[in-house]
Structures are given as C-alpha cells and as structure tokens.
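In the two complexes below, chain A is the common chain; its partner is chain B in one and chain C in the other.
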Partner chain A sequence: MAQIDIQNVQKFFGHLQVLKNLNLTIADGEFVVMLGQSGGGKTTALRAIAGLESVTSGKILINGTEVQDRKAADRDIAFVFQSFSLYPHMTVRENIAFPLRAVRMKATERDKAVNEVAGILQIAEHLNRKPSALSGGDMQRVAIARALVRRPQALLMDEPLGVLDAKLREQMRAEIKRLHIARGSTSVYVTHDQIEAMSLADRIVILHDGVLQQVGAPDEIYLHPTNLFVAKFVGSPVMNINGVRIDGNGVTLSGADASFSFPDDALASVRGTAADLTLGVRPEAVLLQHQQTEGYIEVQTTNIEPLGSHDIVDIGLGEAVLRARTESGFISGEGQRVWARLDPAQAHFFDTATGLNLRGAN
Partner chain B sequence: MADIALQGVTKKFGANIALRDLDLDIKDGEFFVLLGQTGAGKTTTLRVIAGLEKPNSGKVILDGQDATNWNAAERDVALVLQQYSLYPRLTVRGNLEFPLKSRTHNLTAAEIKDRVDRVAETLQITRLLDRKVERLSGGEMQRVSIGRAIVRKPRVFLMDEPLSALDANLRDVLRVELKKLHSELGATFVFVTHDQVEAMSMGDKIGVLNKGRLVQVGTPSEIYAKPINTFVARSVGTPPMNLLDGTLRAGTAVLDAGGFTLPVTRIHGADGARIRFGIRPENMVLDGNGPASGRVFDVENHGVIKILTLDVNGTHLHATVSAQTKVQIDEVVPFGWRSEKVLSFDPTNGRNLDLD
Partner chain C sequence: MAAVRTSGERTTNRLAIVLVLIITMIFLAPIYWIASTAFKPRNLATTIPPTVIFTPEISPFVKLFTKRSQLRAAPTPEEYEAAPWWERLVFDGGEKVVRSGRGEVQLSGYPSRFMNSLIVAITSTVLAVGMGTFTAYGFSRFKVKGEQDLLFFILSTRMLPPVVVAIPMFLMYRAVGLNDTHLGLIILYTAFNLSFAVWLMKGFIDEIPKEYEEAALVDGYTRMQAFFKIVIPEAATGIAATAVFCFITAWNEYAFALIMTNRRAQTAPPFIPSQVGSGLPDWTVIASGTLLFLLPVAIFTFLLRNHLLRGMSFGAIRK
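For the complex of A and B:
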C-alpha cells in the first residue's frame, strides 16, 4: 500500500524534454491509468516511478519518502511489461517464486505465497509447466503473479495487454480490475487504448508532448475535457470539432448556412471573449428529428453508417458536416432533409488558439 | 462497370480447400463486402475474381462472359491492398500516371495529365501531386493507392482490407470517403474485411464467409436482424449476440444458466424443445424488475454507453446500457430481455428457426 507523489519532475533525453514539470499525487489504493499517444511521456513517467529511469529534476515520493535517487530494487515496486519477460527454463512456480528467493524467504512461506497468488490468478494448474507451454493470456497472468507475490507497495503496468488478441484483452482487463479490487494495491497502468483507460481507471491521467493535459475520473474526462487534445483523444467516433461564430444567441459553424440557437447560460462562458472559437459536440449530443421542430434547423443527411445497435449519421449544413448518433434505422438514407439541434449542455467551446475549454473542466 | 458472378468455384492449395463450391452474384454498381476471419477464403475469392488465382473448378463470369481463363490484365479490374505498394521514388503524380503509361492505353500526355488531375481532385490530394510518396502519411498513401486504381477506369474495384493499417480516426474518415467515391464513380466495388464495423457501415450487401463457404448474403440490416445461423449472428455486432441454451416451457424460455424463466414472443417448437436463444446486448434490459439476475463481472466504459459483462452461473452475457447506469463490479443486478427481439436457433445445427 502506498501513496505516490510526483513533484515538479522534468526528464530530458539529451535535448529532448519528455516530461515537462509533472505533478501528480496517486492515492493509496488508487488505480490510475496514464493515457496518451506514443511519445506522449506516459511510459517515461511510469519508468521514473519504478526507478528504471532517473529524473533530470524534481522529486518522487513513496509514502512520503523521497525515492528519486534510489535504485529500482529499493523502491519496493513491481513492474509488468508488455512482453512477459518470464524465464523460459524455469517452471511457472519457479518464475513466480523468483522475487521471493531473492529476499531469501523460507521455502514453506514461499510456497504458500506462490499458491495464494496462483489461486487468485487462476494459474494453479499450470504451476509445474514451463512458460512455453502456456497461452499468451496465461503467460501474462504468470507475469502479474510474479509481480504481486512479494506484496509490493505499488504495481506498475506498461501496456500489459498490448500483445493479446481482442477477446483475451477484454477478459484480462476484467481480471486486472477485479484483482485490484480484491488486493487494493496502488496501481499505475499505461495504455494508449482509451476504452481500457475508461474501463479500468479510478482516475485517468492524460499526457501529451510530456505535458499533463488532464487528470480526472473517466466520466469527468469524457464529459468535461479541459482542452481540444483530450476532447479528440477520448470517445469514438471522435467528437465533432468545428470552427464557430457567435452572434447573439446564434451559433454558426464555419461553412454552415444556418445557425443553432443556444440559451444564454450555455453561452455565458464565451461572452465577451475575443478569441476565435471552436465548438466540440459528441455525436450523441447532435439530436435529429424527422419533422420541423422548434429550435431545430434544417439539414441534409450525407452518409449513414448502420452499425446494428445504433447508426452514425452524417449531416451537412452548407459546407459543414456533423456526425450524429441515432437509434438504429432512425434515418433511412442519404440525401434526406432532417432537422437538427445541438444539446447545449453537452456543447464545448474551445479557444481555437490555445485549445482550452472555455467552460473549464468543472 | 460490371456484374460479377462466381459459379461453383472451388480452390485448393495442396490439401487445403480454400473455397468450396462458392456461388456469388455481385450486381453492377454494388458495394459488396466479403466479411470473414483469417482463413475464411475472402482474399482468395478476391484473387480469383482478379485473375490472380485460377480456380480448380467453377466459373468466373464478368458481364455475362466466361472470364475463367482470362488473365488479370484482360479482366480490367483494379486491386487496392492493405500495403500501399507505391513506387517510393516517384512523386504522387508519377505513381498516378504509371498505370496510364502502358501502351495498351494509348493515351496522349495531355489526356494523362487531365485524368490524373481529376482523380487527384476527387481524392483531395491535388496539393500532394509533386511530393515523393515516401514523405506522405499512411492515410495519404492509401488515398494515392486508391487514386492509382481509379485513374485507369477499371470495370471493377477489388479492395483487400485497404483500411486496416490505418489508425482508428483515419479509418473513420476514409470509410466515409470510400463510400462517397463509390457513389460518385458508380463502379462495382468488392471490399474484403474482417472488421464487422466496416462491413456494416459500408456495404450495400455483405457476404459472410466461413471456412471457404458463403454462409449468408444480405443487406447489413438483414445480416444483423435476420442472421441465418449462430455463426452469422456472432459475426456482426459489438459485443456479439448473446447465445443462451434453454428449454421452451409453456411459451416461455427456461434458461439452463440460473434456471431463469424469461418471456418469448415468437415460439418455435413444442413444449420441452431445446432452443439456443439469441439476444443482442442492446436488447438486454436492466430495469430492476428482473426476472433474471447476474453478477457484474466487468464494466466497459465507452463514455456514451457502458457494456456490462454479467456472470450468470458461469455463463457470461453482455448488456449494453446507458452511460448513466451506475453498477459496481460483483454487484448482483436483475435483468430481462426484450422478448420481441429474441431469436431462436436450433442448438444442433445453429439454424435460425425464425427463417424456417
């Protein structure tokens, strides 16, 4: 069990700065997911916590103790990699027991600890096999068991499901979540997969270009992105992003031939700003009607993607295009006249130049 | 422009039978998607149509003419692959001109320039024409590959997973563009993919392949709502359809998992008949009234929706619920289903009993 504090951490590789003044507190027992594209700095941040990478400046504290100058082995943290990195010549039991031999634990206690963790990870029947006889999922279970067996203060995972196929990934993801609930160990998990992040995390940390973009619970990140990067990175299909002009209560997308009417309170945050504005609305916040309806404007459907459970309908307003999520079969075809409205409560206004959400992250 | 027909096509690679007695009808101007897993025979089908593989038996008919013995060039089809296979040292223009410079086309320089310019405009790559292809992004390269296929105005476009090497957002964009291109060109498209989202969202028709056999052909909504068997039922939709074995009793379904009794609208079979019930995740209902219940095994959060995995006595079921639904892992939740959406399959051969 451990609280992890990252304070003003900078990391350079030569002239390249990969972490820019990173500050983050991970609470005891929390499951934090670092999400970002490759090159965003998430793996470097994880390796800095583990002690596999030194920091150029700043502090890392585990339970209040500064550890940035300690070796990885002295931080009492376990690490699971994407590649399973098991010892091929050892049995599963020997692999899991390895970290305990290093600390010279007694054989009986060691067996007990291995059996317990193998039971949790459902690999007890494989204990006497070699890793090469296991499936990918079971190999990763062994790697996790080996990480957990010595009851580390924290468990760090770097894309542990990256090489598994989709079905196994889903199953292992559920197991990792359940393991966390059962064991309560502080966990930091790195991924570029937003669904994994949304499904696993107590809080998501989004990193881009070495800069922390936003920290928040999954629903906060989804509903209240602080900037355009976060808005576009989370959610599928991607949030509609359009340049926009505001006149009175009229909101006009660039290239559009009509404007949406927004209530005063939805525009309060952008009143008086001189900035160029960008509007972000998720497809589920673009609402469609078959008939002319108060507050809706006329648009043309340009493309339908029937996905079975729902449809994604593209609508054109002049040159502008918006994607809407509708019930399956709601719109029967392309080139139809329909009426559209944007849900003001789910509309985000960003400063085009800085990318910041003008309503803030709430 | 062309109709394509395969008649009784069988293709073997050594002892391995890639295609088994395959019949296929693709209408002129159709966007036809072949959907299947690796090894289902979809790429082989495409290569047989292209003339790159010769079938062991059966016929390939193009526009009513037997083309089985025509070579690839004579068939006048264009193939777009997942790997871009462009000439790295040539500019975009050079790559687009390349197929037109062959003697068989006999085009003047002005005609070639005109065609290339028009294709570049269609694909919005005009500004890239003088760039070397090695300096393009993945999406731009795939556009150039498509452009090179379009420029010689073939009668058929064959596309083998052209989007699968691209990242998700770019794939979304190119999906829409390819559909638009198809409607502008009015040409016959045969598109191979293992991605059911691509199949559902792009195809006028989908052909589902399994182990070298064509299992079902239909519009996306037919395939989704009226699958011929459990294989097709599970090959479209995310997550896939839930299948639950049970017994018909007094017009209700008694499920093996948990012994729960759930209503069924369309009854197929006598009292006591064994049925494999199919229900899509979005047609599961968590409204607090049951009548069944399961333990929450996993919650997958998509922001707009959540996908729950429910453990019902060891059987895992998926349920798609609204993002506002609050459930905890290991919580026991009551669930039901929309009885009018329940499909009944024969548990011995997987056939959809609604279609009998």
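For the complex of A and C:
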C-alpha cells in the first residue's frame, strides 16, 4: 500500500489543457473519490496515475518515488475499467491469474492467490466460465479480483459501476466499501455520481475543467462548498442559487418582493464587499411554517414533488423561486400561503464573478 | 429455445429452405461438372447430351500424374538403308525413329506444379497476414503522421489492374534473376495481398477495445506481450478471414504465374490449361487436375470455419 503524490501536473491534448496544475496527496490506505462532470479531467488524472496517459509536466510520486516517466507495468498499480475489460478469450480463472503470470509466479502460489481473491469476492463458482457467461455484477467482481490479486500499491477505479443498473450499483457500492475496509488498499475512484462519491469516499476531490475545485471529507464538501461549482454540483436536489442584494440585515433575492432578515454575524463576511453576491441555500435550509411567525416572510407554494420520505416544495416570492425540503405531506397543495425563513447557518454567500464562497472554509 | 411457431411461419421457413437448396445447387453445378468429368472415361466426357450415369474410374488421375511418351532411338543401319533418300537427309540431321509398340511412363509435371502452388501460396499468405497485422495494429493504435495518406497509398496499390505492370515486372524480374523462382512469386503475391491484409486487419483491430491492452499494460505486461497475448487471440477471427482471402488470391493467381514462371517455379493455374495442348484435349485429365486444385482452398476454409463464423467480440465489454 502506498501514498500517492500528484505535484503540479499539467496535461495537454494538443492545444486542449485537460489538467491544470493539479496538486493532490492521497494518503496510504485512503479512499479518494474524484468527482466531476464528464470532460472535467478526472479520468485523465486517474489514467496519469496509472501510467496509461503521460503528463505534459509535473510529477507523480508513489511512495516517494517519481513514476511519471515509468511504464504502467512498472508502477505496481491496478486499474478497474468502466467496461471491465475482461479478456473474452480467457476463463475467469485465467483472467484473474493474468497479472500473476506477468511476474512469473509459481503455478501453485498463483492458484492459491486466485482462489483466495475469488473467495473474497464470491466468484469461486464462476472460475471456469468465460466472462461472457457472467452477469454484470459478477463481471465487475472479476474485474476487481483481477485488480486485487496482485496486492498492488494502489487500486484505481474508473467509473467501475457506471454500466450497472441502479439496484446492482447500490449493492456493488456497498461491496466495494466493505472490501476497502477489509483490505485497506489505497484507492482512487472516479465517478460522476455524487451519491457514490459521498458514500464511498474518505475524501472527495472535485475536478472541473481540469482544475481542482475542492478536496475534503464528504460532509465538508456538502456543508462548506468552496465555490459555486461545488455548491451546485453536490447535493440532490441541487442547492438554491439566487442573486441577492443586502440592505442592513435584510437579504433580498433578486426578483423577490420581500427580504429575509439575517443576524449580524451571519452577514459579517459579506459586509463591505462591492461584489455582486449570490446566495446558496440547500433545500433543507429553507424552513417553512403554516402560521405567520416572527422572522418568517410570506410566500406562495407553486409546485410539490412528493418523494416518499420527504417532499420538495417550490415556493415563489415575487419572481424568485426557492425549493424547500419538508417532511412528506407538510404542504398539501400548490397555491398555498405559507411562511418561510432561511437558516443563516446554512446560507452561503458567493462572489458572483469569481464564484468563491465568501465565508471561506468556516 | 422452444419457440412457438405458427403454421404460416412454418411454411415460410420451408420455402426458405427450398430456395436455399435451389441456390446451393446452382452454385455447386460447376463443381459437380468438374468432379463428375474427373471420374469419367474419356469417351463419355464430351457426349451430348451429357452422360450422367457412368461407372467412375480413376484413370484420369493416373493420366494426370503420369506422362507417357513413345520411345525413340537412332535408326539402325538397316532402317537407314531402307529409308528413301529424303528420309536419310532427316536422319542425318539427328532425327530419331519411333520404336512402335514401346512406350515409357514418367511422372508428369503436375505434382511439382501443385507443390509449387502450395509453397508460394502458403508462404505469401503467412507473410502478408503477418506483416499486415503488425502494420494494421500500428495504424489502429498509434498516431501515425500522415496516417490517412499512407493508408490511401497502401490501398492505391490495388487500384491498377495488376496485369498492366506485368511486362515491366517481368523485365525487372529477369534483370535480377527472380523470374521462374519461388521467391519471385512469393514477393509478388505478398506485395499484392499486403494492402488488402492491412485494410482488412485494421478494421478488425479497430473493433478490439483498447482497454484490453491497457488492462494488460497495468497488469504488468509490455506492449509487445499485450499484442501477442491479447490482440492476436482477439483478432483470430479477422486473421483467419484475411488469411483465407490472401490464400485464395495467391492460389488462384494466373496471369503473373503464366508470365513469370515456366518450369521450375510454375504453379498449377498456368500448368493445367497448358495440358489442353493442340489437337483433341483430354477433358477428363483437366477436370481431375482442377478438382485436386480446388481441394486445398476448400480444406483451408473448412479448417478455419469456426473462426470465420464466430462473432467478433462476445460480450465481455459492456458499453
């Protein structure tokens, strides 16, 4: 197992820069998820660590050794592809044993290692079948077994659950987590699915347009997004993002006909800035009441999405729209008059031009 | 699968089978003609209407593999004396007389021509498919400068009818001593098939996801090892198909073989019609020679049938 350091890595494809000065340290035994939209550079970063992609400049270190100029075969890294990439002409056993043949391990030891990892991943009964005879989940297990059998320095996974159906994805997600806890392997996992990222990661790395946006534990990313991109990208339903004007203690959403009142300390970080401001509040931070209450302003419900465990309620105040999360059945229909307030502790003010969270990482 | 079929579907199915049978019979008619002629006594080979029922015999094959000539010798003094004066002039020129009633039987030219065909076709196929696979892999997996132009150039070698260059080729071959050699024909057929092999193999290799090799690369293999352990087995279908096409082309080639070879390295295609000769051709011998000539391609294709029929990649990549 190993620590991986990425230092000032740049990657160009022709004139297109896909990684912009990437710096990241992945600790020994850590499970890091790279999260971002497609084309954000996360897969390129992963392939660069594996040696499947060269870097234009910068260093990649595995356990303190520079590897950026080494071949993939010499990095002692395992890779799980989205397509699984099981060799169709080999049986499952041969597939799993393939990395061991590269190092010319003795046949008896090889069989032992294959049987052991097959046992862990519960694919022992499939060892003599061809990959094409397996279900998607079992193919995925074989791909992971092939990656783990060699006990590599690190396990890299590129959207390994991307082609599975939703139910299987959830099940395999739990298995990957269980496996990581059991083996403690340094893992880097690429996905565009924030739920996967949240549930698996020790730390999430958010990449957008080749630039690292934020690195942090899942709750940190969720509660304290450093910029508008992260705020909008993480969380479902998405955070309410509205332009705002601040007068004294009143926070007025653009297009709204009334203003929310915030305590002084909540506005301390944005006082005196000349910048245009954008307010981000997650739906659960939009609080609703049926009766007129101190500090609440009157709004109108416009749409309700009942989701079973909770409802998402759209409320209108003038032209502005906010989405609120309520317990299910709290609001019975559209066009109701209710009272709303924003939780100041969960409100984020962003500089509209730069996208940065003005509260910083508090 | 136990699918339920309606009577309508069953009728359609039967009609389809009948249609396939008719088409197959049309395609196989010439083969039948050759095969039946190859076993006919000579006097039944050209009857009108054709003889369908006859007792097969293998004398055409015996005649194919042997050649018989009449024994000749210098005239004895008695014969010389007995000859008229103008015949003596001929004897003086070295002409021999036929010893009537005595002949000699030798091995005909067919076995060696057949061997030549095998040597040339197999070697050129191996070379063309081998080089073609490597080249196609390079074009498929690496950024090659001027790739499109190069590929077009390779294809363009097939745009000219080959016979157009036959005479210049013959002159060049004669100048370097390659005419009537196995090597000469092998080079010729390899060059001719290579462009075809590159294009065909590129199509097949493009179909193999490059993740397979990448998986092998991170699993600790070099690119060359990945090529032999992953790409070649995955491309087996394509290699088999390409090999069949190259083999058929080289095996059947007539024009260059006729021009470039005459004896030592002559292949079967120009040899068989040369047996028609002047006078009344023995069609049974030609048919037997042709029938044997058909066999290697049929056997080769039959051996590779599983590879030819098998699907390209069978579902281990999920897209």
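Heads up, the rule we're going with is that the second predicted complex is superposed on the first by the 362 of 362 C-alpha atoms of A that agree within 3 Å, B and C clash if a C-alpha of one lies under 4 Å from a C-alpha of the other, contacts with A are read in each partner's own complex, and residues count from 1 in each chain.
Rule of thumb we're sticking to: a residue touches a chain if its C-beta (ideal position, glycine included) is under 8 Å from a C-beta of that chain, and two chains touch if they have at least 3 such contacts.
Remember, it's a predicted structure, so these values are computed and weren't measured experimentally.
Engineer: Looking at the combined model built on chain A, do chain B and chain C fit side by side or clash?
Structural biologist: fit
Engineer: Does chain B (first) or chain C (second) touch A:Arg173, or do both, or does neither?
Structural biologist: Once the two structures are laid over each other on A, A:Arg173 reaches chain B alone.
Engineer: Give one of first, second, both or neither to describe whether A:Glu284 is in contact with chain B, with chain C, with both, or with none.
Structural biologist: first
Engineer: Where does A:Pro237 make contact in the superposed view: on chain B (first), on chain C (second), on both, or on neither?
Structural biologist: In the superposition, A:Pro237 touches chain B alone.
Engineer: For A:Ile62, select first, second, both or neither according to whether it touches chain B, chain C, the two together, or no partner.
Structural biologist: It touches nothing on chain B or chain C.
Engineer: Using the superposition on chain A described above, determine whether A:Ile312 touches chain B (first), chain C (second), both, or neither.
Structural biologist: After superposing on A, A:Ile312 lies in contact with chain B but is clear of chain C.
Engineer: Between chain B and chain C, whom does A:Gly51 touch in the aligned arrangement: first, second, both, or neither?
Structural biologist: second
Engineer: So, A:Val205: does it touch chain B (first), chain C (second), both, or neither?
Structural biologist: So A:Val205 meets neither chain B nor chain C here.
Engineer: With the two structures placed on a shared chain A, what shortest C-alpha distance in Å links chain B and chain C?
Structural biologist: Superposed model gives a least chain B-chain C C-alpha distance of 8 Å.
Engineer: If I apply the document's touch criterion, which positions on chain A are contacted by chain B in one structure and by chain C in the other?
Structural biologist: Looking at chain A, the two contact sets are disjoint.
Engineer: State the interface residues of chain A toward chain B in the complex, per the touch definition above.
Structural biologist: Answer in residue numbers: 170, 173-174, 177-178, 181, 195, 198-199, 218-219, 222-223, 232, 234-238, 282-284, 303, 305-310, 312, 314, 325, 329.
Engineer: Okay, in this complex, where on chain C does chain A touch?
Structural biologist: For chain C paired with chain A, touching residues are 209, 211-212, 214-222, 225, 230, 233-234, 236, 313-319.
Engineer: Using the touch definition from the top, list the residues of chain A that touch chain C in their complex.
Structural biologist: Residues 50-52, 71-73, 75, 77-79, 81, 83-89, 98-99, 102-103, 130-132, 136, 139, 146, 150, 163.
Engineer: Please output the residues of chain B touching chain A within their complex, sorted ascending.
Structural biologist: Listed in rising order, the residues are 168-169, 172, 175-176, 179-180, 197, 200-202, 220-221, 224, 236-238, 280-282, 297-304, 309, 320, 323, 329-330.
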